[in-house]
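Same chain, two partners: chain A is paired with chain B first, then with chain C.
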Partner chain A sequence: MDIGSITSAVFLGLSIGSVFLVAALGLAIIYGTAGVINMAHGELIMLGAYSTFMMQTVLGLPFFICIPLSFVIVGFIGYLIEKVLISSLYNRPLDTLLATWGVSLVLMQGVRIIFGSDPKYVEVPSFLSTNIDLGIVNLSTFRLFVMFICLIMVLATWYLFYRTTFGIKVRAVTQNKDMAASFGINSSRIYSITFAIGAGLAGVAGSLFGAMNIVLPTMGTSYVVEAFLMVVAGGGGLLGSILASALTGQIQSAFAFIYNDTYARFLVFVLIVIFLRFRPQGMISAGASRR
Partner chain B sequence: MSVTRRKLLKTSALGAAALATPHIWMPGTREAWGATLTEGEPIKVGLLFSLTGGLAVPEEDSTLVMQYAIDEINAAGGVAGLPIDPVIVDAKSDFKVYSEKTRELILRDKVTSIFGCYTSASRKAVLPTIMQRDNLLFYPTCYEGAECTQNTICTGPLANQHSFDLIPYMVEQFGPRVFFVGSNYVWPKESNKNAKIWLENANGELLGEEYIPLGSSEFGPVLEKIRAANPDFIFSTVVGASDIAFHRQFKQAGLNVDTMPIASLTTGEIETKAMGAEFGAGHFLSAPYFQNMENETNAKFVEGFLSSKYGKNGTTHYNMEETYLSAYVFKAALEKAIEMHGIADVTPRKIRDAAAGVRVEADVSPEGLIWIDEKNFNTWLVPKIGQCQADGSFKIVKEAPEHVAPDPYSIYPDLGTCTADGLLAPDGTLKTDVI
Partner chain C sequence: MLKQNPYQNVRYQWGAYAVFFALIALIPLSMDDAFLLNQLSTYGVYGILALSLSLCWGFGGILNLGQGIAFGLGAYGMAMTMQMQTQDAADPIPPFMLNNGLDALPAIWEPFANTGLGIFLALAVPTLYCLIFGALMFQARVSGPFFAIMTLAMLSAIYTVFIDLQYLTNGVNGISPPQSLMLGSLEVDPYSTTSFWGVYIVLLVCTIAAKLITLSKFGLIVRAQNNDAERVRFLGYNVAVYETLIYTISGLMAALAGCCFAYLTQYVSPSQFDVSFSISIVIWAAIGGRGSLLWAILGAFIVQGAQSYLGDEFLNTWILILGFFFILVVRFLPTGLAGLVETLLGRLVSGGISLSPGIEQPSKSSE
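On to the complex of A and B.
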């Protein structure tokens, strides 16, 4: 292995990791804060892709505007789901699991009824289809773009949760809901907003994935498994998910270079299972007192 | 482990039931079930495709085009005066459901034939049931071969008809060094075995072979390996959603379509539409049919289908055309069977036997004349190579000079040849129903 292929393996590892993290971030926030295992996360990603598709074809908006708007649209849908369904199911983890799974089926079928099951096409600006040749390594602009958006998402989430009053309230509710309530924090409102933000982040992920791959009613299912793995291996928190994604991305990229892609995936899954056997709480366990 | 009384009772009851109805457990016992025709009654056929789940993209189109073909046949007077009545089921992209629905179609709906499946995995899931009940499966797409049953008719290209002219053409046009990429399942692996033979004959050189999990959308490492190997062209058997990701990431990785095009067996009009024509342009596809083939029959087919209530997807790709042909093969074979045996004595097996040599003439078949092989019941067709244009349509750059015979055992000559009665091994033994 020469320096060029090692550099591109590391770059691809970062890129794969950022795709994982983009998919997992919304899930991590919802799980970390409200303890809800959101089975509909993949379908929220799918809705993000479809809203991007709709904004492009119906309103003719450029791709860059569609990304923040997907956040708003899917965030709003997430807010509605939380208000109507999840809000009455807190403290009943099994029921939320089933209910969100039901929501995922409803969303998938609903989209199929409205849009049909043929694949849709999200257009990206042509400069994102190019690449930057640095001699030893060749960087795809789209991959750089995904990493860039991922960085923005992480920074914005970090700022929101650790540098604002809202963030203090969220962390208070996460640590001890009753205690927080006795200090005048409206915990159900915090949950709704957090759920909406988590859904919105899934919407952004959908915008990116729709442009990268294919827009289909079933597209979410392929991302949700990886997203869950990142959140579980990371321990449910923000930092844990970042670490887990970065590490898994690098491992997968390295194995894919040395062996092949199928084998790499297999090894990554095995390693995660072994890791969780010895550290079931994940890399960095969060919100310990609630659970 | 102890044998409890209850267990013993259960086992002996099952045993008794199995003895009483031998056909449900004895291998090799065949029993045609229902599936006979009655004067004045519509002909029931099953449409066994996935309308939901991961396989819905190609298979929903197959259902739609079958309904279109059936409407067309019925409007022209049906088959021997009887209309065709399709029973549409949803196999939900689940191989268990495929096999359950097959049983349901045969036992409950008593269909005369089943049109269905897109993947080899689903075909292999339904064949045991179809063979046991001696029904008939029209498999309307390409597959790898290496099967010899008495209950299937295939209207798509076999592996030996699929890459034999594509690989020499690409070697001649772009150079001998090639990289194989495929989805990780049976069809790409078998197709690549064939491709290696053609590659050897064309004095090509295989630089690498990579398989990607079905449905995966991460092609980064594979594309880097391709970049490092720097082949003259890529031979791809990547299917479905992965295929779209592959083409997009190919361009995003900065690989050049002019010096390293992808030669695919599956990237047709529907895929290039979904990925965006700018990602598909310049790449190659081997198929017996392309939407913009210039002939009267095809013009009528494309216009008729797209303006019908089934044509909302806006394309007629090779898989749909092969499905359309299967309806006409069925019609021709059934007419022949009725003529030979009389309407009351027609069984699915007799329809299959009558299909030997059945022709679909150029005034019906959009790809031009095709006919069914008399021994292995696959299709004689003219393979073509198309290059994707800037608008996502395909321009035919090469056409085989004549019809190519289907040969399901082309890469396994040691196993024998497929005849109408089964697989004839080189030592003279005849094996029926090899799947």
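On to the complex of A and C.
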């Protein structure tokens, strides 16, 4: 237990936490606004990774341009899903969960039929595949890049939801849909756009995770459960999700330091279950109605 | 005065069960294809799973996305028991442990050397798990989609642990006991009519038990809390106790299904804890009709039957079609095929007026 290994564990925790948060952010926005548990979120991440892969191999676009483009592509897919399916299920929360679960099955299987089950790889610029040695800790540049994008995503989301007219409308609809409607806010339009933004953020997450690991039709499932736990433990809001991701990242890193990665994952899950026993509303409760 | 829909008549319902099980009893009498018989026995396992989920989800409103946990724990318990039956005092350690470099039997495995104790544990461990997890969650009033997410999280956690504990569970390869289950001197050959009867008697007992539960006062309160938990609370009932109990009973049934599965296939692996398997259980119950015990079982038969009938080369497309079908059922037919039959019967009797109240989820009022 020297300073170096503790610092590197803390950095690893921050890095794990930022991955959680990148995966969870879109989910938190959709859940926080519309109360929809989007089980297809993992598959939207997967679609982001595949669209990045396609843009690189077919169009030859550089990685940095692929990231915003996956936001647009997956956001549009999310918009379609919301319009066609979810918009008619808003008063049936359990059925929304099931329907989006069906969507995830269809997306995963569709991608498997089109692209096959063999892994695909996303190319990254060479300077992102190096390591930076800071004396005490040795960090992968790509992990730092993920943290940086994570920060941008959080700031952009915060700005959109708390500093723009659109954000005021979203929060109005979240707090009281009928009252907002009586002030002329089209709530179903707000829901659609929010869903599209959440899906778009999943697309960005997909670009990053596709480059970090390999691209597979099943890659989404490994992120979605953790992303959900962040949202649930955080209490459904933006700030709660950030806090939960940061804390869970640190805890998992600490456990992984003592035991191994699998036990760390298992212990973190059990800890969240126990935590929710004593604080079912999550870390930061929205104060509004609990769904 | 409107006539009652025969679908809702309890006497007719018992009649339908009798016909269903009588038809099943005809199968082994009229068939001598051992392979097909074994496959039909596995359908019985799927039937028990769908039934257990229907009891918990359709009647209790508790969507359990991790039904595979109780099922898998039961299956592992049974497979461990069967594995230990082939070991003796001179050679007490299963071969895969020797490959993992163990020189003594792990303490967790020791009780499974006794067949009775092993089967008891195969049922008791998942039941106890459901009791503890259910009590933790329901006392905290975690319900609805949140509970579903937590069951999914536990499923995924247990899946990774069973893969990781290579020396105890043989990792992804799973446990494949070399011999059939021995109950005393009776050998339960998985390809025999004995094992077929074994599975379907379990299914019969579970169905009757589940039906009696739904007809009892306990079942009434379970259904009431599904409709409006807050109001049931105001009437002085401890809703968490009822939720935990129905969840645990459903888990016990899934564990029974797991035991049957292990002796039928002589194989368990972490894929029993795979999310896609638990999705299948939900799909069976949803397509058949979550609110109907019999239709949930039929849903399992229909979906699995279609899957094996269409064959492996068509499997990828089949899963895609199944996914679309599932979305359509959730969107347009939340009561599944059962709801369709109920409505049609109602129309038939009363001439155009639907009596079915359906079991659509009421929009949860804010607390």
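Here, the second predicted complex is superposed on the first by the 287 of 291 C-alpha atoms of A that agree within 3 Å, B and C clash if a C-alpha of one lies under 4 Å from a C-alpha of the other, contacts with A are read in each partner's own complex, and residues count from 1 in each chain.
Simple rule for what comes next: contacts are C-beta pairs under 8 Å (C-beta built on N, C-alpha and C of every residue); 3 or more make two chains touch, one makes a residue touch a chain.
Computed from a predicted model, the values in this text were never measured in an experiment.
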So, after the overlay on chain A, do chain B and chain C clash or fit? They clash
For A:Arg112 in the superposed arrangement: first (chain B), second (chain C), both or neither? both
Is A:Leu97 touching anything from chain B or chain C once the two structures are fitted on A? First, second, both or neither. second
Exercise. Check the residue A:Arg277 against both partner chains and state whether it touches chain B (first), chain C (second), both, or neither.
Key: second
- Task: In the overlay, answer first, second, both or neither for which of chain B and chain C A:Ser88 touches.
- Result: second
Applying the document's definition of touch, where does A:Asn138 land relative to chain B and chain C: first, second, both, or neither? first
Message: Going by the contact rule set out at the top, does A:Leu12 touch chain B (first), chain C (second), both, or neither?
response: first
Key: Touched partner set for A:Asn186, first chain B, second chain C, both or neither   = neither
Considering only the touch criterion stated at the top, classify A:Thr164 as touching first (chain B), second (chain C), both, or neither. neither
Requested in this report: Look at A:Val232 in the shared chain and tell me whether it touches chain B only, chain C only, both, or neither; answer first, second, both or neither.
Outcome: second
Both partners, chain B and chain C, contact chain A at residues 109, 112, 260, 262, 265
Note: in the complex, chain A contacts chain C through residues 37, 85, 88-89, 91-99, 101-103, 105-106, 109-110, 112-113, 221, 225, 228-229, 232, 260, 262-263, 265-266, 269-270, 272-274, 276-278, 280, 289-291
Interface with chain A, chain B side, in the complex: residues 51-54, 56-57, 60-61, 184, 210-213, 215-218, 220-222, 224-225, 227-228, 241, 244-245, 248-249, 251-254, 270, 273-276, 278-279, 312-313
Chain C residues touching chain A in their complex are 61, 63, 133, 136-137, 139-142, 144-146, 148-150, 152-154, 156-158, 160-161, 163-164, 275, 279, 282, 286, 316-317, 319-320, 322-324, 326-327, 330-331, 334, 360-361, 363-364, 366-367
Chain A contacts chain B in the complex at 5, 8-9, 12, 15-16, 19, 109, 112, 116-121, 123, 126, 128-131, 133, 138, 140-143, 209, 212-216, 218-219, 222, 252-253, 256-257, 260-262, 264-265
